[in-house]
Amino acid sequence: MTANPISPTIPLDAEGVQHGFLKLPYSRDDSAWGSVMIPITVIANGAGPTALLTGGNHGDEYEGPVALQELAATLKPEDITGRVIILPMMNTPAFAAGRRCSPIDGGNMNRSYPGKPDGTVTQKIAHYIATTLVPAADIVLDFHSGGSTLDFLPFAAAHVLEDKEQEAACMAAMQAFNAPYSVRMLEIDAVGMFDTEVETQGKTFVTTELGGAGTSTARSVAIARKGIRNLLRHAGILSGAPEIAETVQLDMPDETCFQFAMNAGLIEYQVDLGDTVEKGQPIARIWPADRTGVAPTPCLARRDGILAARHVPGLVKMGDFVGLVAVAT
Amino acid sequence: MTANPISPTIPLDAEGVQHGFLKLPYSRDDSAWGSVMIPITVIANGAGPTALLTGGNHGDEYEGPVALQELAATLKPEDITGRVIILPMMNTPAFAAGRRCSPIDGGNMNRSYPGKPDGTVTQKIAHYIATTLVPAADIVLDFHSGGSTLDFLPFAAAHVLEDKEQEAACMAAMQAFNAPYSVRMLEIDAVGMFDTEVETQGKTFVTTELGGAGTSTARSVAIARKGIRNLLRHAGILSGAPEIAETVQLDMPDETCFQFAMNAGLIEYQVDLGDTVEKGQPIARIWPADRTGVAPTPCLARRDGILAARHVPGLVKMGDFVGLVAVAT
Amino acid sequence: MTANPISPTIPLDAEGVQHGFLKLPYSRDDSAWGSVMIPITVIANGAGPTALLTGGNHGDEYEGPVALQELAATLKPEDITGRVIILPMMNTPAFAAGRRCSPIDGGNMNRSYPGKPDGTVTQKIAHYIATTLVPAADIVLDFHSGGSTLDFLPFAAAHVLEDKEQEAACMAAMQAFNAPYSVRMLEIDAVGMFDTEVETQGKTFVTTELGGAGTSTARSVAIARKGIRNLLRHAGILSGAPEIAETVQLDMPDETCFQFAMNAGLIEYQVDLGDTVEKGQPIARIWPADRTGVAPTPCLARRDGILAARHVPGLVKMGDFVGLVAVAT
Amino acid sequence: MTANPISPTIPLDAEGVQHGFLKLPYSRDDSAWGSVMIPITVIANGAGPTALLTGGNHGDEYEGPVALQELAATLKPEDITGRVIILPMMNTPAFAAGRRCSPIDGGNMNRSYPGKPDGTVTQKIAHYIATTLVPAADIVLDFHSGGSTLDFLPFAAAHVLEDKEQEAACMAAMQAFNAPYSVRMLEIDAVGMFDTEVETQGKTFVTTELGGAGTSTARSVAIARKGIRNLLRHAGILSGAPEIAETVQLDMPDETCFQFAMNAGLIEYQVDLGDTVEKGQPIARIWPADRTGVAPTPCLARRDGILAARHVPGLVKMGDFVGLVAVAT
Amino acid sequence: MTANPISPTIPLDAEGVQHGFLKLPYSRDDSAWGSVMIPITVIANGAGPTALLTGGNHGDEYEGPVALQELAATLKPEDITGRVIILPMMNTPAFAAGRRCSPIDGGNMNRSYPGKPDGTVTQKIAHYIATTLVPAADIVLDFHSGGSTLDFLPFAAAHVLEDKEQEAACMAAMQAFNAPYSVRMLEIDAVGMFDTEVETQGKTFVTTELGGAGTSTARSVAIARKGIRNLLRHAGILSGAPEIAETVQLDMPDETCFQFAMNAGLIEYQVDLGDTVEKGQPIARIWPADRTGVAPTPCLARRDGILAARHVPGLVKMGDFVGLVAVAT
Amino acid sequence: MTANPISPTIPLDAEGVQHGFLKLPYSRDDSAWGSVMIPITVIANGAGPTALLTGGNHGDEYEGPVALQELAATLKPEDITGRVIILPMMNTPAFAAGRRCSPIDGGNMNRSYPGKPDGTVTQKIAHYIATTLVPAADIVLDFHSGGSTLDFLPFAAAHVLEDKEQEAACMAAMQAFNAPYSVRMLEIDAVGMFDTEVETQGKTFVTTELGGAGTSTARSVAIARKGIRNLLRHAGILSGAPEIAETVQLDMPDETCFQFAMNAGLIEYQVDLGDTVEKGQPIARIWPADRTGVAPTPCLARRDGILAARHVPGLVKMGDFVGLVAVAT
């Protein structure tokens, strides 16, 4: 099998703080011997567990990158036991472009695992992380938000897994993260996800959705920052106990939670994130975008619950996601 | 002088409800005899004032288009005295693309007035509105929000004008709109704005900023909807008095209210919209987007006040707007 | 093996008329949870054969989509025995863009079979059709025309097959379609074609070329409409016998039928579609596109016959197809 | 006033045959000292009138370029009395791209007259032709066809002019051209047209529409070729009388001749070019392009007549031209 | 007249060293309140002349930007008498893109003078420089090289001017710059150039061409660096006398110095920069780029001289510049 | 396995001179039945060895294409014994675009071997060459230069191989080529290279780097021309002995020869190609591209040697190659 062409510019197992890059040669029209440089920080102090903290899996989601940049710049080796590996911008080309997917190859990083050493740029990055960083980790935290086109209630999540012991470890870590909302997720279509790769390797895994609309706020970053510290405490890498505040447990039991647009047009939301809705109540309605005097098409809730996610842009295309109605448990 | 090539598909002065288009011939590679079709609705009932209500001046701002689509579809002639002219998507090509400026010619509609009859598509639309619709109006309401790249506290605004009688009329109309925030604005650089064109013609004019981030919410649309009804009542077109709730009066006295990024990078806001800030306090800080382990650059408030507007995308470029600190009065 | 992510929004086996979509989740920069929605209609009435009728295999060929839209909107269950499955725009993204290939992935649908459940958007659509719709069909009719860059004499065609019984069934169905021209085709390079997939599954298959130049006419659509009715009668799904008019049998025995441009330039046809040509006669000549006063390069017929297809755009590139000389039999 | 930067590489007033270029310096990213080279041929023999023959005013219309390339390559000085100036590709950048408008600046050449010496590339070319070539001509023939997006019955046309003597000269020249159809045109919106520039200079002017759909045929080129010879005979540049066959006189009296699409979608023509239609009869109907099972929108003829022009691409956008119903006189 | 919207972030007349920007508000789809930030340094010490030193007039020419960046970072106020204003990247958007012209508006800065305060971004920058910086200067040095598509022998140049006293001052300054080659230039087409603007204001002006091919070398930057120091000494801003080495005086008397490609293709140079050529000798020949076995087209020198400039890319288009044959005097 | 769809338009084994194409059918939006046409010349005379000479492996490298075009146009069968197969533009689509990689599929030809018969256009070309032309050759010479983004000292090279007899044959051929510099190369990452494919088939293989910066010069083409003649003499195809001049033997022993940019910015080289450098000496320094007054970042040589290659464009991105320090042996 072909070797992965990525090489780190820093040792991944040295004590202390190392700031550097995963360097991927990338020959192209505008730089025959160019490279993709993926920023990485490793902070290590003695024997102990390894946490892998990742942001920028999608390039337009910002709570993770911001909180991880701060962590990389401020965490001191003497404060920890074990090792923290920080990748604030996993899909660096997508992040640099402020886009969900890589402008180089269109790759959606979260559908590119386990990657290929001789594949596209996105697949090579995925393969390196899957074969070099994930195996070295005990616990993995991957940050997501809604990106440019979705907005979420802020939650941490763990997956329903076949290995119930592993599932319990994940759920405990998710509760330690202690976002305002906490979700136990049954992933239907898990093929290609980073989540799946990490879980398949038997690791403890937590993911999040902390907001969206292509930005972050002081409030949403505070959730990320607190979650990281709590998770590192839970893992024993930082000392002390997690700070736990109230969290709402949410469930997304089946596909009736999800609603998609059957028309293109100008969307008007009739409820906002966090509002409760009843089955049959209009969540939104879609006005034509090209003429006046025509009645809108309603989008009716398919179950009772609270609006946990929505589409962001003011225009929708047919087939776009409209709303996620989750159930508080 | 060349005649403006736009023609309406409906009479603009008939009684009752007319839904149609302003039709602008637009010859191009993919349609030699194509047209730009700008939706318009006119609702008229007897003698009385004319209100011109416009949205989509920038194509990625949605409260206006949504509230005006609803008004066009639901307002009955028998409910009014006078005439209401509704243009929910003034810069239709920009609106259809979900972009601030027109994809046809790059035109920023709000810098294209008074327009040109033989200019670009954007200039032709501006010229038609300036020479045909504005002169027919007594009061004009133009909806704005922050669009895809800015987010605002929701406010209505009127301008400081040389004609103090006109200014008073505008301020009264703005107070009648009754948004959560109300702003008395001194426009420094008014060249090319729709506002300027309308005010120069001696009309009563109100503008708004009702949110942003490239979307609208149930709450922000409710502000627009109430503001329209209030304004039409204030103008005597709808009967009854405006519904007035509390509003915060804001002032933006000088350029120390505005802050711009002196670096490109990943932006972290340290206060959110509506938060109070003190002079010298960091509003945001900018992390490098391409490496870890480097300290961020702070953006310090240049005066006391509350954060009234901010940049949306998670990345900033040098020279981008960062924050607007307004003063409650 | 990965499951195909496409799901139909309607039952494919219910009695009566169902209009809906094949829904394919498609995550991308401008819609994280978006979908490709492929229109489908199923009309069923009791026990009987199933016909699968497809258009839009290439997105710039219009007789099929028009005739199938009309069929979907007008065919009544009580008129048929069995089932008709209608896909007027098989490669929906290509059709929406008016292009031969998909703007999403460049996929030429007719080179994408048998598809892949975890491949590109075009491959996923092909795979779903190949594994779900084709197996359910007894007879398949796929509409083609020349698209934006080719123009054809209107013909229906069936392939020379190894299974002579199947070939006879296909030829009979092609004759029932009864286009003005009828072609018995020996496909040299059949890899990836929908035709090949359907024939490999042992089905009766008819294809067409009904015109081109990126459009359709009242006359060319009439051929499609009549062909559909005739085919359904031939299959016993509609009652009655096909209406049979005269048809010219054409053959394309070998590669001397085909002519390609050995120069780029401005093409002048010297015969038109349907004209007879003799071996050595100029079909067209190519003028330089960038200068005057230079003699043109002739394109000489390589055999006797009639001009059955030609290049459409006024400019040719080296290697472009120029003309197809078929032999009436 | 700035001098026009174009210079010819050949003398425009020499006896005999000259093939060359109008050379326009054009500095750009990919060639700092590049040029646009517009092919031109001048054929002159003794004292006599000057004819200016132009094609490629729109870059996707081919009868003119083909017939003029042949003329430039074959016309001998000894066959003529006077001078023939041939510009087969007036908007050379548009022609090279096979597009209506220039890919350099988007310029529609036929809306760019009288041009500007310091304007865009398209305006500079227009200005040079208007100030150098048109003044030198006695009679001007400009070839048009429908281009990529329109298709026409083949006609020559002359305009209704204020100067009735000039109008008569133009009508006579148009009848001499002797296309299958002949049109007396009242131009409503003549601003920027080459026609207007030539007529304003008092010249005899004939224009044509000879087909379209982005191509030409042996039959349509034959019309152009015969028309050129006839016109040169009519002007006394070639000897002999024009060959006159039957022609249908058409009129387009008012705007009820024109029909535009009020919906986007898949267009089905119900009559073809040359078919007669009655007021209220459907010319075409528009099917939705994104779903099945919805009735089409009809496009009804607004007067009696024959279909003289239509839209080509299989999809229409709202505002696109659908059909031209002309009246035989 | 509209005021120019550019404002400097630093005082232009303060003593000492100021590093800052010319800030130009630039509203656009991706930043509603964005800016173009043009770097500027001002170094001043007491009364004395003002030199304006500019690079990046074209964005792909690098000797100026490199040498001026170094000067801005290292020149100390105490070393000078008077003032040095440094704009290393005059057309900042073009420079950031590594392109000759601005990616924002296509503007060639050196054809945009005297600019417009309400024009395009390029015109606004030109207008600000022309109205604010040039009037404040006594001597102006503008750096050019061949950019991505041209390569030059390294020379400084001054123009033949109507005011012979001014011309003498310019020639003296050019000789003080002391590049390996020195050129006395008769500008034929001076419209829109920065040179013309500066000279029209009566200033002493020197320009250069120091290499090209989209890059710079240690040797070419050394010429720029020495030239700056020499010029500042010549102006009395730096103390001491210019260091003068041998220079070759070149003349470009008329248009026979210039040669353009009459064919597109693969270019083979048969002499290199600095080589002597005789009239009629082939400078280059052009091979077809799409086929083998065809003889090349020669490009013959139109006069004796030395090759002073050439085209860089391996492919040429018709009308591209091929070579400049200058005359040593 | 699928057959490769490429067919030659000429016999590859006929005596005499054949100029033609490798014709690859390529269906696409703008030409449904289009082709990629790869120019090829075969010159044969009697029994003897076969040399395969290739240029345009990367489309922006010009010494090979120029020298091979001349060879194809001038080499006479009677001058040779054996056969010469000439492919001056191996990646024809990339060459036509003047880009390193194919604009059709982004394919870097030198990372596409051994190719796929049913892959992308680039892979199909590679597969045809690998399976049809390489097996027929005894000796293969592939021309490279630096392309648009790199510049090299002119050298021929041969690889260190496991088969020492083959290596010796390659080294002897490389010495026969006799470029100014000669390199014995240890390829670290040989996957996908044409070199690897040829060597794996046991052939004698020579490659070159003859300059760069997206162009060629009279001097660099002369090296190519002499090298070809020398190689054909060495192989016994041309008679006579190679002309041997002095050559510098270079070695690139390990990764300390290579230097990459750790910052984006404006690059200033402090040494030029061929200059000697010492370990720790600055090769270049990188200035910020967006502001003045900031110190540059130095790029220090990691070993003693001479600068053998460098980056061309004036701007660098992080991760771009900066310099190659080779060791003279």
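Here the chain labels run A, B, C, D, E and F in written order, and each chain numbers its own residues starting at 1.
The rule is short, and it goes like this: a residue touches a chain if its C-beta (ideal position, glycine included) is under 8 Å from a C-beta of that chain, and two chains touch if they have at least 3 such contacts.
The shown structure was predicted, so the numbers you read here are calculated from the model rather than taken from an experiment.
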Centroid comparison with chain B (C-alpha atoms), farthest chain: F
Remotest chain, chain C as reference, centres from CA atoms: E
Whole-Å gap between the CA centroids of chain B and chain C: 49
Geometric centre distance via CA averages, chain E-chain C, whole Å: 58
Between chain B and chain D, centroid-to-centroid distance (C-alpha), Å: 43
Contacts with 2+ other chains: residues of chain D: 21, 37, 60, 148, 290-291, 313, 318
Contacting residues of chain E [partner chain B, same complex]: 2, 5, 21, 23, 25-37, 118
Residues on chain A engaged by chain B in the complex (per definition of touch): 17, 19, 21, 37, 39-41, 60-62, 65-66, 69-70, 72-73, 86, 88-89, 92, 95-96, 98, 148, 151, 213-219, 221, 266, 268-272, 275, 287-296, 312-315
Complex contact set, residues of chain A against chain C: 58, 60, 99-101, 108, 111, 146-150, 189, 191-192, 260, 311, 313, 317-321
